[in-house]
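Both complexes below contain chain A, partnered by chain B and then by chain C.
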Partner chain A sequence: MSQAITKVTGTIDGRGFSVPIGTTLLEAAKSLGLTIPTLCHHPGLPADGNCRLCLVETGGKLVASCLFPLRTDGEAILTQSPMVLEARAFTVRLLLSRAPEDPRLLELAREYGTGPDPRLADGADGCLRCGLCVRACRASGTEAIALVGRGRERKVTGPFFEPPIDCVGCLACARVCPTGFIDFSELPRSIWGRDFDLRPCPQCGRPVGTPEELRRAGVENPLCPSCRRLSYSRSLMGLPEASFSNPGER
Partner chain B sequence: MRLLDPSGLEALRVALAGAPAPKRRLWVCGGPGCLASGAAKIQAALAAEVKAKGLGDGVGLRTDLTGCLGLCEMGPMVGVEPEGYLYGNVTVEDCRELVSETLLAGLPVGRLLANPDNPTRSEQPFYQSQTQLITKRFGKTIPGSIEDYLKTGGYAALGLAISKLGPLGVAERVEASGLRGRGGGGFPAGRKWASCRLAPGTAKYVLANGDEGDPGAFMNRSLMEGDPFSIIEGMTLGAYAVGASRGFIYVRHEYPISVERLDGAIKEAEKMGLLGHNILGSGFSFNLSTVEGGGAFVCGESTALMASIEGREGQPRVKYVRSTEKGLWDCPTLLQNVETWANVPIIVERGPEWFKSKGTKDNPGTKVFCLVGQVKYSGLIEMPLGSPIRTLVFGVGGGTKPGRRFKAVQIGGPSGGCLPYSALDLPLDFDSLSKAGAIMGSGGLIVMDDISCVVDVARYFTGFLMGESCGKCAPCREGLTLIYRILDDLCQGRGREGDSAVLEKLATNLARTALCGLGQSAGNPLLSTMRHFGEEYLEHELEGFCRSGRCQGLFWPDINPNLCVGCGSCLAACPTRVISGQKKEPHRIDLTGCVSCGSCIAICRFGAAKAIRKGGSQAARQADHQADLADPSKDAPKTNNIPTPQSVTKDPTQPAPKGGGQAGA
Partner chain C sequence: MTHKTIQVTPSRCIGCLNCELACASRDWGQYFPAGSKINLVFFKDGGQVPVTCFQCDEAPCLKVCQTGALARNELTGVIASDPDRCVGCRTCVSVCPFGNINYSKAGRRVEKCDQCQGQPRCAAACPSGALTFVDDAKLVQARRRAYAESLKSVASTEGPK
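What follows is the complex of A and B.
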């Protein structure tokens, strides 16, 4: 039907936008080529709005652009107003107290003219408590880790502050972590203080994944991605299965 | 017995109201304060005595537990009907006499009267200035008895709604009444109802917020335990109006008695057909149950509360869509505070015009307040909205304790604000309070006198909120800790130049950036004390001086010889024994051994012991002594119960007031 029902229009920093109703402010800004700094946001995971770095001004108030749905026409959004800049400096300063050496935060600190507060120096462990790891774990269907505890005591951990027993060693959490806080090793596989076996590809012998994560995916003895691709295309061409004389090469 | 239609309900109500009342009753207060001071034992002892004497129902003499009688500080309390006597600090040993003198003979027991000058409730200023709508059944009914509820007008509203008004009529009455949410924000209830009523969806929910997390607050608990049916009837009306068939009462984890009482009341209402399937033959069904809270302050926040009911961690969510559209399990949900709900039957029965005749135009109705702190009479008080703060603090509460000046009143709980003497004439309503930097909150008032230090007070509330911050969002999690540490530095004499300005900026940014209401309002105690007592912050920051004599090490105590009557209480209170002096002669402090703990300042009832600057000159000190003498109350009024030296020297035998601490003198 008419555009008015499905689209919503407004301005961001004076530039007009017209996006489908319900689009988040962050996406709308992106569509205009504007960047809004984010820390706890990942396009593949549900937004949580906890780092408060993406706040922008609308109607004299600050809203989290990663979650704010554009629903009414005529919103005039400011991403660089004095109130926004002051809020970002405030938030970056606080987050720096947790990860004072993180390059991205240091860059933001330079940009907004702030630095760590000496009175919060004791909390520096490298973790921003953004919860991306927890959301990644949950999204993959595992829920091995969680943010536990209140206030400043809050931290990422397995149940009862012990290594997470449900962890399958998939490394999703470590890969999504913005600060590299989660210690892990790819080969041999270990994470959260636990070592994992790695199942080899029956064709080439290269590691495919941990038995736990393969079980989670419902496959017992799969080929590695490249062998799978190869065998699929060979079967399409009616060729026999490939056999490698030298597994692991390439 | 199950009521099948509105006329059956009406008939029962009329029959119950007409039934003869007992000849005389002792009402033992079953409010939170009195239960803590042993009311259950008193009731048991009275009941045993009644039984031993062979009295009982047949004779028309009864003794029962009832809702909060209000004067919680004097608990356990016992009220007498119909004479109206009010007893305080009752012990098990007194019970025999209460039965023989009062219950049987209708005579007062003089030594137990809560206020010997005004033996009955209706004569006492504490009750005279109150308007009891929400608390009207406290002291008059057995809270768990549905007969008592029906007898006192209960369920008249539901009968009317079903027989005459219909869902829309109920919603219209509430909307026209101008009722505002009693859980803190004062949001117009009618707007929420309309939004929920019109929201598309077949499954809708009504919720009651009984989480009451403010330290020291007990008005919601008193209501849940003192008149549970009023909340249940209110929610039933709400569900009827918006088209919900399921409701939950979310009760604070620490309130097991509230849960028990509400559960019992729900069962009673179900038995009568006033809850459950096809209520009063209307075709409308509504099921209600209680949910025990998650045990955190933040669980009272609406999104956290819903997460908690859904069985998830009680943590706030960012929401830019109202819960009336998308709330519990993403269904349209109507959440109100328990006291808001209790207003609904009154409005529906008596009509919006009557309701608007109480309170003010924009703030109609009453509010239950909890008055605590340094006042003579603390307790539970219901007043029309818009009453001046002064009426509450000085009229009902009787002003500050002897020898103390009023300094500030913290209104609205830990995220409320601290208002000074000059704000006492402000009306207690949602708008005036927020304009002055406080909030209504749940209606807690904490009175502070001149030995409270505002920086220390801000530190206390910030510390509470820091401990309750859920830690989800960065500004509240890290920012509150930073604010707390700076306040702690100020209180310990480690302040740095510019700290006050830093604090103000931090609190302002916290309010703008935090995810939920906890963080957004956490700066209020700091910002309000700074706004009204800014000079005390600067004294802490720049001079390391605490004028209240509270922050240890930031002052020297000093005794003004012109005011000291030589009562000796400071001498006894000093832990290092550096105070000397003869009885009835001005005392002196030898500062060489003084640890600046402030005990002498806290105990002096004559305003003679005071905090002075550490490096101050002798001349300044003497000038100060003279100034104090000239006006012993400075900004606070003389009615502040400061005894004059003359009145005391004339009558040295005058006993110390309760808690005044002359022991050992």
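What follows is the complex of A and C.
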């Protein structure tokens, strides 16, 4: 029966689930209302299994739930077993040594009874090396930054450890970063040590976006959204192009 | 299921901003213009018109979004945004020819009309019948053409002051 072909069943912490084959363990847990802590997971981006915070136990092994697709029936998953709690505490300890002041990690450290590892203090720059920024950049249509190097040397950077030449200044990476590590400014626009021009709206002069991000979107010299609304409304109403007044700038 | 559309009758709009207020309040609990997904365009030479997403058939915003944050409900034809999936690249904002998607820095997400999942608050709040939620059997393209015609006839019969 189609039900049997397309669905997979099992238990999480003793509670039964039935979800479409290929659903990740994390999503299945969410559908049961269970929360598994995550840091490098973003629903809009491919999972990467980088932070290891979402580890759970199945068949005596630890797996990253954000990455693990459910394919076989009868999986009995544990999200709070001693093995899981111990691994999670260890993970929080490692992450905390990267970002010792991050409020979310401090909260997790309290929850799992751990603290930063003083022996790892020199890598404490606030970046978790979770790679969310890299994935957000790629999804936005650019590959300006990457995770480069191994172990404690690993870091997010542009090519040759220089400010990323391909960066368009859209700020998506900074928006998804869970720790706020990435310094940026919206106005004037700057990020990753680069300053960007902002193209003004040809009609009202307000900044619309960097030339690079507009080019990426395939638009060269657009009006700002509110002048776009004005412009087509005027033409639909048969009015000549003209300046306008809006209550409250948008 | 029939597609429904928010029909705008410009001649009936009295410029009260109730639609913007109702829209912004849904997600923000308070009114500020940037929080609204329907926007009044005020003409310097008199008159105004409320504008919001057309739920285009060939929607440029939908085409560029790579995270699944923008998705069309095939039953209703409505394109809604999922803030959890949005990474804030703002490409959709750049490509909307009508300026009907905005990015909210405060909310870290795009602001886009989703017709309130079938109960648009703007239409309910409109006191003058300028916004009505009606069945739309026609294709979106035809709908937009009709809308353009209605605007033109309004402009020619009543004219801006």
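The definition used in the following text is that the second predicted complex is superposed on the first by the 217 of 250 C-alpha atoms of A that agree within 3 Å, B and C clash if a C-alpha of one lies under 4 Å from a C-alpha of the other, contacts with A are read in each partner's own complex, and residues count from 1 in each chain.
Just so it is clear, a residue touches a chain if its C-beta (ideal position, glycine included) is under 8 Å from a C-beta of that chain, and two chains touch if they have at least 3 such contacts.
In this text the structure is predicted, and so the values were computed from the model without any measurement.
Q: So in the superposed three-chain picture, is A:149 touching just chain B, just chain C, both, or none of them (first/second/both/neither)?
A: After superposition on chain A, A:149 lies in contact with chain B alone.
Q: What's your read, chain B or chain C touching more residues of chain A?
A: Larger number of chain A residues touched: C.
Q: Have a look at where A:214 lands relative to chain B and chain C in the superposition and call it first, second, both or neither.
A: second
Q: Taking the superposition on A as described, I'd like to know which of chain B and chain C A:52 touches: first, second, both or neither.
A: After superposing on A, A:52 lies in contact with chain B but is clear of chain C.
Q: What is the shared patch of chain A, the residues that chain B and chain C both contact?
A: none
Q: Which residues of chain A touch chain B in their complex?
A: 47-53, 55, 61-64, 67-69, 83, 86-87, 90-91, 94-95, 97-98, 117, 119-120, 123, 128-129, 147, 149-154
Q: Could you please specify the touching residues of chain B with respect to chain A in the complex?
A: Residue positions touching the partner: 296, 318, 320-321, 466-475, 477-482, 485-486, 489, 505-506, 509-510, 512-515.
Q: Using the touch definition from the top, list the residues of chain C that touch chain A in their complex.
A: Counting only chain C, the residues touching chain A are 10, 17, 32-34, 39-45, 47, 49, 51, 64, 66-69, 82, 84-91, 93-102, 105, 108, 147-148, 151-152, 154-156, 160.
Q: Within their complex, state which residues of chain A touch chain C.
A: Residues 42-45, 136, 139-141, 170-172, 175-176, 186, 208-209, 213-214, 216-219, 222-230, 232-234, 236-239, 242-250 of chain A touch chain C in their complex.
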